[in-house]
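Dropping the structure in here first, questions after.
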Amino acid sequence: MVTNIERPSKAVLAGFDGMGVATVHEAQGRKGLLASTMRPIYRPIHVAGSAVTCEVAPGDNWMIHVAVEQCQPGDVLVVAPTSECDGGYFGDLLATSLVARGVKGLVIDAGVRDVAVLTEMGFPVWSKVIFSEGTVKETLGNVNTPIVCAGVEIHPGDVIVADDDGVVVVSRAEAESVLEACRERETDEEEKRKRLASGELSLDIYSMRERLKAKGLKYVDSLDPD
Amino acid sequence: MVTNIERPSKAVLAGFDGMGVATVHEAQGRKGLLASTMRPIYRPIHVAGSAVTCEVAPGDNWMIHVAVEQCQPGDVLVVAPTSECDGGYFGDLLATSLVARGVKGLVIDAGVRDVAVLTEMGFPVWSKVIFSEGTVKETLGNVNTPIVCAGVEIHPGDVIVADDDGVVVVSRAEAESVLEACRERETDEEEKRKRLASGELSLDIYSMRERLKAKGLKYVDSLDPD
Amino acid sequence: MVTNIERPSKAVLAGFDGMGVATVHEAQGRKGLLASTMRPIYRPIHVAGSAVTCEVAPGDNWMIHVAVEQCQPGDVLVVAPTSECDGGYFGDLLATSLVARGVKGLVIDAGVRDVAVLTEMGFPVWSKVIFSEGTVKETLGNVNTPIVCAGVEIHPGDVIVADDDGVVVVSRAEAESVLEACRERETDEEEKRKRLASGELSLDIYSMRERLKAKGLKYVDSLDPD
Amino acid sequence: MVTNIERPSKAVLAGFDGMGVATVHEAQGRKGLLASTMRPIYRPIHVAGSAVTCEVAPGDNWMIHVAVEQCQPGDVLVVAPTSECDGGYFGDLLATSLVARGVKGLVIDAGVRDVAVLTEMGFPVWSKVIFSEGTVKETLGNVNTPIVCAGVEIHPGDVIVADDDGVVVVSRAEAESVLEACRERETDEEEKRKRLASGELSLDIYSMRERLKAKGLKYVDSLDPD
Amino acid sequence: MVTNIERPSKAVLAGFDGMGVATVHEAQGRKGLLASTMRPIYRPIHVAGSAVTCEVAPGDNWMIHVAVEQCQPGDVLVVAPTSECDGGYFGDLLATSLVARGVKGLVIDAGVRDVAVLTEMGFPVWSKVIFSEGTVKETLGNVNTPIVCAGVEIHPGDVIVADDDGVVVVSRAEAESVLEACRERETDEEEKRKRLASGELSLDIYSMRERLKAKGLKYVDSLDPD
Amino acid sequence: MVTNIERPSKAVLAGFDGMGVATVHEAQGRKGLLASTMRPIYRPIHVAGSAVTCEVAPGDNWMIHVAVEQCQPGDVLVVAPTSECDGGYFGDLLATSLVARGVKGLVIDAGVRDVAVLTEMGFPVWSKVIFSEGTVKETLGNVNTPIVCAGVEIHPGDVIVADDDGVVVVSRAEAESVLEACRERETDEEEKRKRLASGELSLDIYSMRERLKAKGLKYVDSLDPD
């Protein structure tokens, strides 16, 4: 149980608001992407916040209750079991408690339940599975220590960005520079989007034709194969 | 083929209307939950009804046609193949027939098709997969005998409750007492929800702090690690 | 890279507009169905068009850029990697380019990203997974050669029909006769639907009772088991 | 915890010794087969015994220790978690204890560890996974009550037969008649095997040609397609 | 049902004897590899033969009996269901019949049973799963028409090569040239193997250092990070 | 590319020789276990060594060639792709090169090929899948930086222990104390094994009866249920 973790500045977190997961993933050099098994419980959906990490035992959600107290406005709770587990660790009561603390969403490499209510509440959750199986409160775990969640290491205070595509993590140390790279990428893509929409081809925009030819690409006319 | 099965009373079935799967699962001692592979074809969704059970051969939906005749208003049809199969056993024609008989929904540990039409009709279905593969009509099976569906034994006349979270079954014999336990749980949760929404912590509401300390939970301040 | 492929007539493609996947699959003798792992990114959804095929290396979307140039209004782009891969081959920029060329949708046995934007655009996509993982542009593949996509062989110019249920392919040579069979099937089902809705049983409509009896089906009254 | 369960006679259990899983499954009308996810830890392997059932909480092997005391010579221990779990519930120490009590093997719908030692000991185990993840001893479960294991209901005292193909259960009440049917099937197959080995075709042995023709099977010579 | 299919020459088939799957896959330009779900029932294992193809209905092995008659010495039987199915289509009786006809092995994208006996017989089988579930004999399919098996199109008379790594198919038309390429690859690898065994590095053998440097590879000494 | 990493002492590595994965996992407080998807290519099998880490692009094994040069006698090469991939990254040529450098084994969260030859060579490999699909040499990655492999973070110089059960990692800093704990655990288990073999029950050895009773465990005699 670690208290008083460092968090990114509010300005940085605000900068990631609305930023897409694909953009962030590309902007930081194609890393930090959680496994594709992490799916949102409703769509469209988006969140950007500061990670509070929580390691739980399989089938045991006790430490989530402990983690709630460590959460502040703007946080995203990130939960990973020490062993693969599909139990329904989280439901609408815990969500109510997190909302009361200003928490923006949940990322959990396990099961979640009460998803109809969570959807009505508009509380964003990414989970491995939707499942009601109850959990116990018997075993200690860790809060705000580094954890591996859905194949990626996450430290407390890292930036979590999640949307319809999935979840990506940005280390706190790199958050500011990654945000800058995201903005550049967005500007660049906006310009490309206009050219593509007007009918220009990516083969020309990215000057691919020569390299394709060098690699040996050949065109055969099916109506005139000779 | 068993006819004239016993069903729960209408009052009991009505009582389960709108009751959440997680609530029912907890109220009956954390049993009866079908595997998380059983997913609804649309959301939000809810059904509570009396099970008509139907065991089919892999890739063969003949017995579903036989089962339809045994269905009454308020029933939920529960179908399980004798061996794992993803075939599209059920589509909008069978749904039309079930609706004509007052059947409230379908739970099938296999594939379903025509889901756009089923969604438009508002006919609730939980299935393992959405798949159009056709099935044949060659092999007999059983109707209204006990079956194992998605890992759980279901008897004809058991209560089926299903929602966005999945599917749970309550044995007919226990339906009344489980319903009572559900209501108590709902009352209790409503009160907890209010306290949590006002910012009270579950650590305090459930008096967890002492037991956590006894188990050895320690708090370390990251800014003052000594 | 094959250019100038033959396509079905506009009249045939128009005929498949709105035709359901289950109907097409049945009408052509229960073949041509892509694996159930191919799921639409939003619902309801429907497309019918002429296949442009594209074979890509794992984690490499270069050939999709090449394929775009071969697409015409009314086409559906069909992409399959040479080895199983979950990379995010396709996003909103490529979709913008395809829309500019009149392409009606994408079928890809791999990952897709930017699905929130694709959904807003109303650009239909069926994919194996939603995942943002970036791809490279290093390896050549094939465009408009026969490919195996999600377990089914697809030739350029084949008809692709896809909806909430999944994806089915009709060979160009058989497209006209299959369309005719689809229309007959729809007429027949419309009549059956009315009879079923009025309460008639499929056991009677399809005259199944005699054959069930011949196979040995027995009815046991649970209230009078002797 | 139920004690003093009834078991099949020693003669019946001895009769199932060496009987193949496929034979038993067919002889009892194609039922009782556990899911194909249940795999032996070594091969060749075979066991036939009387089931002691044990229901455990996810990640908690406490009740296995309780179940050991209920085991007698000739038993097979059958363990199922109440929710899907891959934890390593069972290792060489528990196996040593079971061997000391004359137990013939283990069937567990979860994880097992120390498989190198178990293989050396020649202690037969069928499990869903091989995994070392430790389990706790916190939650009660049931011993010798009916359980669902790998999709099939098993009662204490049922006959378990397992081999390289997987696991099948025979209800105690039917054990004697199923054994008789197995023996008939074996005799019949032995005769068929000789005829097939001598080159006779199953098309002729089972007189399939006429029925195939009636269903419409046609032969086309690829060298003379007209 | 197509009879009298063309097969590769005996010399070509003999040439593939003992040739590894990886070698064949590489030698023909990295194509033809069946999905990694196709696993051998024992190891070590190897087969090379001429494909007899057989398309079956889900849960129905009737057409395998029909296919047996079309098999000749040196053939490998290749079976694929029209829809995904785990049923136990094939056991020791069918294997006995195939052995009597000189068939060298089986590749099946479904389930197989009696694997202990098949292993004792030394009859090579690659399957998706080991499972005893019985199949019926009700529905016609195709023999010796092109099929898609485990994601790859296979024509009757194609060369099947399979070993511990899995299964690869070579089209009949390309068999001779692919065999030649395999032999060249083997000679080349034998020489590389010797150089690597003597301690030479692949970085030098393949002259990779310059291209790595051009791509930007940098070496950092962990003991002298400046 | 980091060179000159620190490694555990030879004495510590020798101490882990023959130590079981379950023992190490328990001795270090139930952490460090790679996912159960990591399976050995043959059995029995065991390795203990110092990790050289290698991060590769999906479908690209170039960096493995770079990593080979960094390996020393006693090392275990640990490879993880940046995105999930089943390609056949590693075969007998790379194994020959590693053996020439004294490397003791390979752990790879992807595919491996030539497993028949690797088995003959006795070169230990744990992989996610056996698959021959070829990989390219186009994209840079990292060698000897921290990676996440099969869900667990691994640093260069960490101790890798792997056997029939799977793979576990011990951080270099904790290696000595974990080894000590392993030895204590082995001594303790040896004594327990003797008592269990003699028929003593774990219920008594671990004094569980009282705690079970306190939790409410009740015994019901099935022959005298009143």
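We just call them A, B, C, D, E and F in the order they show up, numbering each chain from 1.
The working rule: a residue touches a chain if its C-beta (ideal position, glycine included) is under 8 Å from a C-beta of that chain, and two chains touch if they have at least 3 such contacts.
Every value quoted in this text rests on a predicted model; they were computed, and no experiment measured them.
Should one ask which of E-F and B-D has more C-beta pairs in contact, the pair is E-F.
With centres set at the average Cα position, the gap from chain A to chain E is 40 Å.
Between chain B and chain E, the centres computed from C-alpha atoms are 42 Å apart. Touching of two or more other chains is recorded for residues 30, 33, 36, 82-84, 86, 131, 133 of chain E. Pairwise chain contacts present here: A-B, A-C, A-D, A-F, B-C, B-D, B-E, C-E, C-F, D-E, D-F, E-F [touch as defined].
The part of chain F that touches chain E in the complex is made up of residues 1-6, 62, 65-66, 68-69, 86, 88, 91-94, 96-97, 99-101, 111, 113-117, 119, 129-134, 137, 140, 144, 156. Listing the residues of chain F that touch chain A in their complex gives 30-31, 33, 35-36, 82-84, 146, 148, 151-153.
Partner chain E is touched in their complex by these residues of chain D: 20-22, 25-26, 30, 33, 36, 39, 43-44, 46, 163-166, 168, 189, 192-193, 196-199, 201-203, 206, 208, 212, 215-224. Against chain C, the residues of chain F that register as touching in their complex are 57-60, 82-87, 133, 136, 138-139.
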